[in-house]
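Each of the next two complexes has chain A plus one other chain: chain B in the first, chain C in the second.
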Partner chain A sequence: MSRFFNELLHRREAGIFLMIVLIAIVVGFIEPRFISVETLRITALAIPLILIAAMGQMMVLVARHVDLSIGSILAFSSIVAGMIFRDMPELPVIVGVLVAIALGAALGLFNGVLVVLFRLPSIIVTLGTLSLFRGFVFLVSGARQVDPQFIPRSLIQMSQTSPIFGIPWLVIIAFVVAFVTYLFLDHTRLGRQIYALGSNPVAAPLRGINVVRVTLLVFSLSGALAGLAGVMYASRFGYVNPGITGVGFEFTVIAAVVVGGVSINGGVGTVLGTVLGVLLLGMVSVALPILGVSAFWQDVFNGAVIVLALLIDRTVRERSIRAMAEARSTA
Partner chain B sequence: MTDKISTEGLSASQTATGEQPAPKGAAELRPMWQVILIRPEVMTFVLLLIAFAVATQLSPFFADATFILESATFYVEYAIIALVLTLIIIAGEIDLSPAAMMAFSACVFAALFKLGLPIGLAMVASVITGALMGIFNGILVLRFKLPSIIVTIGTLTLYRGLAQVLAGDRSISGFPTWFIGIDWKYWFGVPIPVVLFLIATVVLAVFLAFTVTGRQIYQIGTSPEAARHAGIRVQRIKMGLFVLLGVASSFAGMLTASRLASVRYDMATGGELQMVLMVMLGGTYIFGGRGSIAGTFLAAWLLIVIATGMNVANIQITSQLIVMGFLLIVSIIATNAIYARTQR
Partner chain C sequence: MEELRTMKNITKLAILAVGASIFAAPAIAQDPVNIVYIPKNTGNPYFDSLVAGFEDACKEINCTFSQAAPATAEATSQIPFITAQIQRGVDVIAISPNSPDALNQVLDRARSRGILVLAVNGDLVDNESHRDAAVLPVDFTKTGPGQVELLGSMIGYEGEIAILSATTDAPDQNVWIAAMEDSLENNPKYANMSLVATVYGDDEPQKSTTEAEALLQTYPNLRGIISPTTVGVAAAAQVIQSAGKADTVKLTGLGTPNQMRPFIKDGTVEAFQLWSPYNEGWLAAHFAVGVKAGEISNEVGGSFDVPKLGSVTILENNVMNTQPELTTFDSSNIDDFDF
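Moving on, here comes the complex of A and B:
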């Protein structure tokens, strides 16, 4: 039993969890209002979009790639879904949702094809498609916003009503997505192949892993999840604006994912860690205004957190390499 | 990584006479016209000519030197940074934070000026801020050995956030009249920002092509390991480049402040795309070791011609996002293909 706890404490997730608790205690000490059900509710509502997109980004990072275009994919799916709601109100809501997810997957697949076909660094490709897809958003929408009155009530209620314990639908969907991602990554052959590819892209094909298929898959999934997040954006905020929706979203998501202990060197990362990373960032975004700190500090915090997480990741990796070398020399 | 492609490239040409240790040696065996044609800068130049011809077709008002120079003032702010970024990418690193460095150093300048500091001192403080941000990037990349491409995403968010903390969401203005409107002042009939861009191009081109340190930058990008063994101070040179980029960003930020007569935290949002695009379009190899200032110089003009061409043709600014993104992707594909054929 003690060994079990020992192992638990040495996991990356434990560190993030302790940090969350620590922040909650410190903030609660300064401002007792923070420790309340209301805070919990606001935090819960702040995270679903990030959580869903983070699941996709995490898979991309584990495969040793990165996807900078998710903010624009989110906006594209969101605006098309919004336009379907506006121009074809007779269609059921689910059509808009499915179209958004499918479009997201298609744009993600496009990223993947460019990366695979031309062997380009994904970060530069997706920097290009970040702009390209944003251009598509303006093009299809004619630079017009989809106004609140066109977003179906049933969709907006997803972020307001709750089936159980007052937890809004949106939050439940996000955690279901996280759970399914966990099942996929940890309990399917394909899921494990993503880790194998990211750990060692040279060895992966030699072990019979279809590198092209896995790479296309992670980018498509990342796109599809960003698409889903797009519909949820419409639900949460009640409008879609071509110039605002999803701008800078990728940086928040990447911050959350690397804080969650997903390594940018591929092969390392868990769903639990990512969920905790998203929670940590979400909690800070709620705590800042309660503490009377200007919301302007949010980006400073996100940026500092990315840099810090990279530093920690590097230290951990160095230590594990050293430990491995020692184990080898004593053996 | 591109081993397979490069051997195919060798057998397809007449140079398959054995191992070519240096890329330069391989190039010498080709006929002269091939050597010239296969330079990626030529691709940029041809594209520039085509873009110019198309733009002239689109609007009769386009082919006017004064008009093009005036519209260039916006893009040269990015282009000056892109020149320094070229050196960094040749050295095998990248920095995605210069647009955010522009914003933060400009906010420092404006905030200090508002506090009553003489404008000259505020400018010095802005340049120092730029240098410090460059040092911070450099320390993270060189001392802590973090991959520059990801770490500068972190610092880009950080610097942009600092700009927002400093300036809030107001715009800061009220600069003295002599400071405002540098894009409407001329030296020898050319707007001052464009002159500065030309000077920077010449200085950096000479530095890269004719000084020992300049040549060592190529060496570092081709093989950092070999460069280190050859006694090249890899860390020091890279650090110098990161600092130079910070300083250049600060200068560009002040040019923008002068042009707009105000400073906001969201200055140059998304500018990193344009900067990387200029470097990539100019044929600099994303994995380091190859590229030229001339290429980036041409690519900057290509972008200027495309953007102004689209403006005079009344193509919406939002469609330009599509063109920019598309160009970035096509340009890396093209330069990668060219280098895969010629290297080794």
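Moving on, here comes the complex of A and C:
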């Protein structure tokens, strides 16, 4: 039975993978320049922030919640880290990084506490904190951006220099985060408990799962990772603006996670699928401008790819369920 | 019970009194002119400088100043802010419009209440009748050609160039781009420069970055990029810096000195242009107070004196400019500016 599930999960990821290959072939056919190391580099640099936050969002979705506030958490961590770099240049860069992660975790914990304490749906809570945290961004910064001259050179170079194979530090960090998330979810008791909670929140406490603890954990992790993405934002773009940083980020991340096969009904989703979902949307965002698709059509294609990916995912899943039912009836 | 009724009556009276004071306020001439400025969005350093121009003017002349802005620069995001200011009963609404036509109705409503409506920094292109006057930094018909000339001088007036803009419906951007296309087509000086692509980064850092990277990849012979938007030009500079292509691909555009300083210092960008947003706020405040006091008549061809700026003429379509030409920033002068 577990082998069958394993196969099923693999098949689902194979669907997304197939779509990535298919799109690459089609785009490469129209514009041969697309198939190049350069495209790989551009795509790799377009996804790290999304990938890091997607790991957190995935855990939240698996626990049958959602975190809409990550764009504002990203902005808050980013602007505070930027202000530390600006106002306390004597401190080592790592202080800004750690503060960004800690602040993200704190805001995430705040989300979790509201959800647990008042038994509010997370979609409502985080819709509220999406706006609340953005307000904090303006308040703490006085609505002033942190200009490029104040972002430490060493931080910016994390997006530009590479320790190995020309892969920038930023990309390596993102994939390390994904790998650690995989180890946590698949190889620790606490990780498995997130799936158990999301599959059946009613039965979870009966199975000895501390629902409050797991819920607080996933929101804190989502916040911490959004915070990490925040300081990476400063590295990637070289400045932090209170108004534009992370606006709409939550939609990009949730779309990628769901395309990656993570169920919004909880309990289902893998790190590999999420990584592929992020890659797929990242590739499309790079392919469209390279193909010279007009700005008017880019949104249309982006949306179409998301819908198509979900349809394929749905079809594959239904076929698996049917196969499972047939296997059971013949057995 | 009796107490409750008294309370209700007092409340009613209070409401009436507040109502009366709102209606009475604009009638008194000596009151300072109440100006509100609505930038495109909050947290935009460019508009901070413009706001400072308003604030400094209102320290010296008879006006009070406040600002209100939406979080995002979407076509309709300013409408609720305009509505709120109409209800507040301000005398002057100065606005940097996010759309050339989405605001028409609400601005008409403001004007029907006697509010002076000024477009600042960007005009309601083709909808000029929905505002009283416009304060623009320079003659915007010069922006496009100015940018083409600057880039041309960097690349020896030869080769493929591209434009990285903001959103597809940004009115000022489209006016400039049209003028750039016109110069490239009709001025023989630019005969060897060809515009290969115009792309849009939506004033969003990630999108602008990806678009700039795609330009470099799709057009290996690209010699130059013009990005007439602060977010776009910063993103393109970062891309060129990362790719180490500062020698082959020249970049210019419209940016703020603080945003572009590191790229000028390290040679990624030779020069870019802008104007003084501060002077726009300064001029708009002086004009608004002058009109409200009856000292300036808002008529085409008229002129008036503004401290520090000298004589300002009201041009066709009731447009005023703060300076005749764009300011070019390069390594020689960038440290003289802080905005």
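Here, the second predicted complex is superposed on the first by the 284 of 331 C-alpha atoms of A that agree within 3 Å, B and C clash if a C-alpha of one lies under 4 Å from a C-alpha of the other, contacts with A are read in each partner's own complex, and residues count from 1 in each chain.
The definition used in the following text is that a residue touches a chain if its C-beta (ideal position, glycine included) is under 8 Å from a C-beta of that chain, and two chains touch if they have at least 3 such contacts.
Predicted, not measured: the structure shown is a model, and the values here were computed from it.
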| query | So, does A:Leu216 touch the first partner chain B, the second partner chain C, both, or neither? | reply | neither
Quick check on the superposed pair: does A:Ala143 touch chain B, chain C, both, or neither? Answer first, second, both or neither.
both
Check: Touching A:Phe296 in the superposition: chain B (first), chain C (second), both, neither?
Finding: both
Counting only touches as set out at the top, which of chain B and chain C does A:Ala46 meet: first, second, both, neither? second
Original post:
Who does A:Ile244 touch here: chain B (first), chain C (second), both, or neither?
Top reply: second
Footprint intersection on chain A (chain B / chain C) at 134, 138, 143, 242, 296
Interface with chain B, chain A side, in the complex: residues 66, 68, 114, 118-121, 123-125, 127-136, 138-139, 143, 242, 251, 254-255, 258, 264, 294, 296-307, 310-311, 314
Within their complex, chain A touches chain C through residues 31, 33, 36, 38-39, 42, 45-46, 49, 134, 138, 141, 143-145, 147-149, 159-160, 236-239, 241-245, 247-248, 285-286, 289-290, 292, 295-296
In their shared complex, chain A is touched by residues of chain B numbered 1-2, 96, 140, 144-147, 149-151, 153-162, 164-165, 168-169, 270, 272-273, 276-277, 280, 286-287, 316, 318-326, 328-329, 332-333, 336-337
Seen from chain C, its contact residues with chain A in the complex are 41-45, 48, 71-72, 168, 197, 199-200, 202-207, 209-211, 213-215, 217-218, 231, 234-235, 238, 241-242, 258-263
